[in-house]
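First, the structure itself, so that you have it in front of you.
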Amino acid sequence: MRFDGREKGILRQVEMVPGYIKHPEGSILITVGDTKVICSASVEDRVPPFMRGEGRGWVSAEYAMLPRATEHRNIRESSKGKVTGRTMEIQRLIGRALRAVVDLDALGERTIWLDCDVIQADGGTRTASITGAFVAMVIAIAKLHAATPFAKFPVNDFLAATSVGVLEDGTAVLDLNYVEDSAAAVDMNLVMTGAGRFVELQGTGEEATFSEDELSELITLGKKGIAELITFQKEILGEEVSHLIGGQV
Amino acid sequence: MRFDGREKGILRQVEMVPGYIKHPEGSILITVGDTKVICSASVEDRVPPFMRGEGRGWVSAEYAMLPRATEHRNIRESSKGKVTGRTMEIQRLIGRALRAVVDLDALGERTIWLDCDVIQADGGTRTASITGAFVAMVIAIAKLHAATPFAKFPVNDFLAATSVGVLEDGTAVLDLNYVEDSAAAVDMNLVMTGAGRFVELQGTGEEATFSEDELSELITLGKKGIAELITFQKEILGEEVSHLIGGQV
Amino acid sequence: MRFDGREKGILRQVEMVPGYIKHPEGSILITVGDTKVICSASVEDRVPPFMRGEGRGWVSAEYAMLPRATEHRNIRESSKGKVTGRTMEIQRLIGRALRAVVDLDALGERTIWLDCDVIQADGGTRTASITGAFVAMVIAIAKLHAATPFAKFPVNDFLAATSVGVLEDGTAVLDLNYVEDSAAAVDMNLVMTGAGRFVELQGTGEEATFSEDELSELITLGKKGIAELITFQKEILGEEVSHLIGGQV
Amino acid sequence: MRFDGREKGILRQVEMVPGYIKHPEGSILITVGDTKVICSASVEDRVPPFMRGEGRGWVSAEYAMLPRATEHRNIRESSKGKVTGRTMEIQRLIGRALRAVVDLDALGERTIWLDCDVIQADGGTRTASITGAFVAMVIAIAKLHAATPFAKFPVNDFLAATSVGVLEDGTAVLDLNYVEDSAAAVDMNLVMTGAGRFVELQGTGEEATFSEDELSELITLGKKGIAELITFQKEILGEEVSHLIGGQV
Amino acid sequence: MRFDGREKGILRQVEMVPGYIKHPEGSILITVGDTKVICSASVEDRVPPFMRGEGRGWVSAEYAMLPRATEHRNIRESSKGKVTGRTMEIQRLIGRALRAVVDLDALGERTIWLDCDVIQADGGTRTASITGAFVAMVIAIAKLHAATPFAKFPVNDFLAATSVGVLEDGTAVLDLNYVEDSAAAVDMNLVMTGAGRFVELQGTGEEATFSEDELSELITLGKKGIAELITFQKEILGEEVSHLIGGQV
Amino acid sequence: MRFDGREKGILRQVEMVPGYIKHPEGSILITVGDTKVICSASVEDRVPPFMRGEGRGWVSAEYAMLPRATEHRNIRESSKGKVTGRTMEIQRLIGRALRAVVDLDALGERTIWLDCDVIQADGGTRTASITGAFVAMVIAIAKLHAATPFAKFPVNDFLAATSVGVLEDGTAVLDLNYVEDSAAAVDMNLVMTGAGRFVELQGTGEEATFSEDELSELITLGKKGIAELITFQKEILGEEVSHLIGGQV
């Protein structure tokens, strides 16, 4: 039994509030346990300079935390005058993960900006960001599609993410909260598609190592969690939009 | 009749959700029309270097907007590597305004950090931030007081803020939304106390000027709005905490 | 009687040396008591990117102090690598104030840069900067006009600024020097036109508040001081140039 | 057959020149194919502020490339005024990987700085950096040990890294050079210990995904490569120093 | 005959106004032709961290130009967020030059900050800065000496600087103005002491070279100019203070 | 006899390894005693914005040191977020020196970037950088010439640099190593051409001064050293390429 009473393979409670803020083309508030992230998708009708004129689109992500999203107040990155390495690593991960299921050619020469702003943090903020940003992005792209239908809907598959880890006592668990994450020997983030394929797999032993058997067990737990998250995403997006993805559900 | 059907002296609908995020000592989500700001108050047990050892406290504010709080996406200040002049001006205003009603000696050698993060913007974000930050700050100080009572409660009076302005047609109005604010000839921000005294008064004619009569009319409207906001703050804080402020209600 | 022997409604001694430095299209050294500011106006034949092609002009200001303009040496903002909030606030104020009396359409697609560099500071540097920058700007625009006459002279009215404040003993006074300013309960900056209309009014109680009666008294003092400053500006500019402003004197 | 004639499970030619630069406590030039990295280990007799007084040591890494280490010249990060996200990600990985095999308590209150400077890049610079930095670090720690023997030698196991990936034609290969890496559908970096345990496993499909079977094949190839690299590290370090690691070879 | 009618070995007209600004311990406005620099010397009762506790003093210089000191307006270094290479080079030169004639041991553990702010530029700003900063520094040190006499006056000799150069037609000239400097094939800055010894000699052929004979001629001209500048410095400082320097005049 | 056994007029041992790294159009590793610098020349087919469309080329240099090139580890400039004054001064010197022997018109509208990265430092890094960068640049330009012959080979003469100085005991010496340099009273860098003309001459007395006789002696030593370095450059470049320079050898 875990700290918060969950079994090892159980996700925390997940909620998604689509349309949480009014200006973005797509937005949701995703809640995973006590972690809350506002994900917004903004459509810009141009691409970064290095891609201009190629007719392909781009997907880019930014991630930040409110100063008091955490137990102790963090100095704002804007006040520091620079983005930390952790933030850069996370926002690069989010962008890369989402691009893996987007058909950039079908999207056409536009950029989807995904802003993931953590308003309350309790572990798993990067994986909640990916899971939520996917929904915000699909809402925005569906809105483009409603206005001017794409020849091919530019999202190839569903995409969600979760964390798994090995606790100090050697138990492998799904969806670690902050207390578990701080003490875990091994921490792994998994990003997978609706078809059960890997997009990212990042396993880390901070001052620790892990075996192939542990790796297998973590992957099994992660796959189960991601499948549940994708089922939830489909409910939120509704049948009509879900059918557009990959040309099938 | 105004754009959104309000009479000239009517505030937009105001809501305050105390405890909106769990980590800060005090927090609220304040909604004024379509403007939404998360205000959090964090207590730090030390003061800035230039004040150490004097036994006095400090109150400091920071202000930011999510990139897509506005109709068009803004580049993050952390990505730009610097805080804009507008942000600096606003956060200096918030801090200065709150310090006007705080007894820094009574507070003792600690800092109250007020973070005002705009998640949706529709005009009046700085005044909503002040009105909300005051409540978050009082919640945090009341929590300190509950743990170890202050000899004198360190908040001297209530404090709220609103905007007033002169529209293009010459009408003076209370609490401008974004559409009104963009077109207004004169824009004024007022910060006042529960006793009806001024803390800040900033009137600006951007490419325009105004007369003493217009100034008087704006002040009359502003006083009315602020009195209503303070009545609302008292409801949210409750009678017990409200009584602590200034030794009376 | 005040610290330096002045009555409460008396300005410090004012001097203006036009043409103080040779390269700018317009320049003056303005002296208000012991406060000395070099104001220069530079004409650039283009506008900021967001305004290009609209046929309108722009007026932009920058403000700085020499490191030892003050009693204690300040670290240069260039060495710090960033402009402080105070500087940003002041330079935004100067630009906004001057734009209120400039007809940007009549100016045509060019920028007037106003550089206000404080070489000696003794209170009231931002208001001296506005009063001096107005003169430097008019000199530069008159030079443009002499070369190629404008259909309409692009300056609509005179503009000057001063500070007023409430001293610790409750006296309202005009044109505070540094010693008075440091100890004042209330500090207000007023920017007004030749026609006696307000452009900016910024009243602040740092750790203090003020009443409507005090506000009225401060405005009365400020109006008197500004009228005197504008009389002086007219002398410096001479009758011929003064007549160009607003089509009348 | 691959581009450069290698079979899919064959490493590029590896060379290590210990003592390549004279000032650091430990240094090597590691060459993997056409990738060349100068790794240096510097010992500093203090730890970062957040760790002071705990009696534990720290290991920190920095990574950079000469501007023309690559086919096209890159702008220096010092000229840009900031470290890119890619660099931060890599240097955080190197530091974390090395700390997994260091006994920070046994090291005592000192920092080992690992500088990995790529002078020529042809794919696999981060994994070559880890493999080389491990050797530089052991040389530096062995030098400390020679001067004042540690009660326990603070390195628990060998550590090396390599990359594996899936080429466009679906072949899984070991140790990708730049041409292969640019075109690969899946790219994975593996860091493992002498005991065959994982330290880091980072698999990424840039605009692609991968299956569990592909994951297994990649891990098998990676383990083989890392075992060979560790054999080579032992030769370079010599029997005497190698015996110190983990109390056994 | 030169552009402005001078013979090749003639300095431009030099003026020095001591006490030009009131706050610094020492200040002058130095004018060399149309080049005008405010030099101020500030005394700080501590030294940089790397020198603390050694009982020695330090002399440090900063240099800047007002944006419109030049014919075309320059962007402020504070707005750019960094000091340019040219500025750094100049301020390092000024500091180094002055330290060559200061007895840092005799000065005791304090820093003299020299701020050289060019308000109008017409060539030779760095050499005018050195010549002026020397006077400002001596005034400040003499003030310290008047309050608490030094056992040994900490200035060993006079110090002044000038520029010399080879014009396009091959003529070697003294004290180039901006027009001459822009077109010169060779530019040399000389810093020398009252005893006629070299402190700095920086000769540069920008897209040109020079011979040993040209070098000799330039040095001869420079020595003459510096001797005249030092005679002028003595007049400004007065006989009493001048006698303190190096224990003799 | 000097610290390392050399006579006063003897250079340290010099080596140059052309083609040391494979990507740049020209590269060498230059070794002067224990100072080692990788010099690379990159050709870019455009010039800086201020020169576009003029048909002339540009030569620009950057200089850096690995953090542990020195006895004590230096913080990376990329981590500090800015380039130090020393680095700026050196890279401006290198660029200026090389431009003195390049015919920018003959080069055509392209930029040669010279990157000088010090991997091991023992005094004289800036002069070794110039001597090495010249060779790397000629290799790159000869490669351009081989592909499409220039009407006039754009390098006018050979160029090399060395340092000379006056030791504490008054001896003038050639090519100071770090130990000598640290203790020297006078330090001078000389850059000269194959024809024996000066390009740069920078003599500095840090907290010291020097006489004309000392200057003469230093120049004599420097000329001898530079002549030897140029002889060596010719050997490395080979007769064919050397003949291209200045139309003669």
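Miscellaneous remarks
Chains: A, B, C, D, E and F, in written order; residue numbering restarts at 1 for each.
Everything below uses one rule, namely that a contact is a pair of C-beta atoms (placed from the backbone, for glycine too) under 8 Å apart; a residue touches a chain by one contact, two chains touch by 3 or more.
The UniProt protein names, listed by chain, are A, B, C, D, E, F = Ribonuclease PH.
Quick caveat, the model's predicted, so the values are computed rather than measured.
Between subunit A and subunit D, the least number of touching-chain steps is 1. Ranked by separation of Cα centres from subunit A, the top chain is E.
Looking for a copy of the A-D interface in D-F, A-B or E-F, one arrives at E-F, which has over half of the same contact pairs by residue number. Centre-to-centre separation between subunit A and subunit C, using Cα means, comes to 52 Å. Centroids of subunit B and subunit F (each the mean of its C-alpha atoms) stand 60 Å apart. Touching of two or more other chains is recorded for residues 81-83 of subunit F. Beginning the circuit at subunit B and passing next to subunit C, one meets the chains as B, C, E, F, D, A, using touch as defined. Per the touch definition, subunit F reaches subunit E in the complex via residues 82-83, 85-86, 88-89, 91-92, 96, 99-101, 104, 157, 193, 195, 197-212, 215, 219.
Only residues 21-24, 27, 34, 36, 38, 40, 42, 44, 62, 64, 66-71, 73, 76-83, 87, 113, 115, 117, 119-120 of subunit F touch subunit D when the two sit together in their complex.
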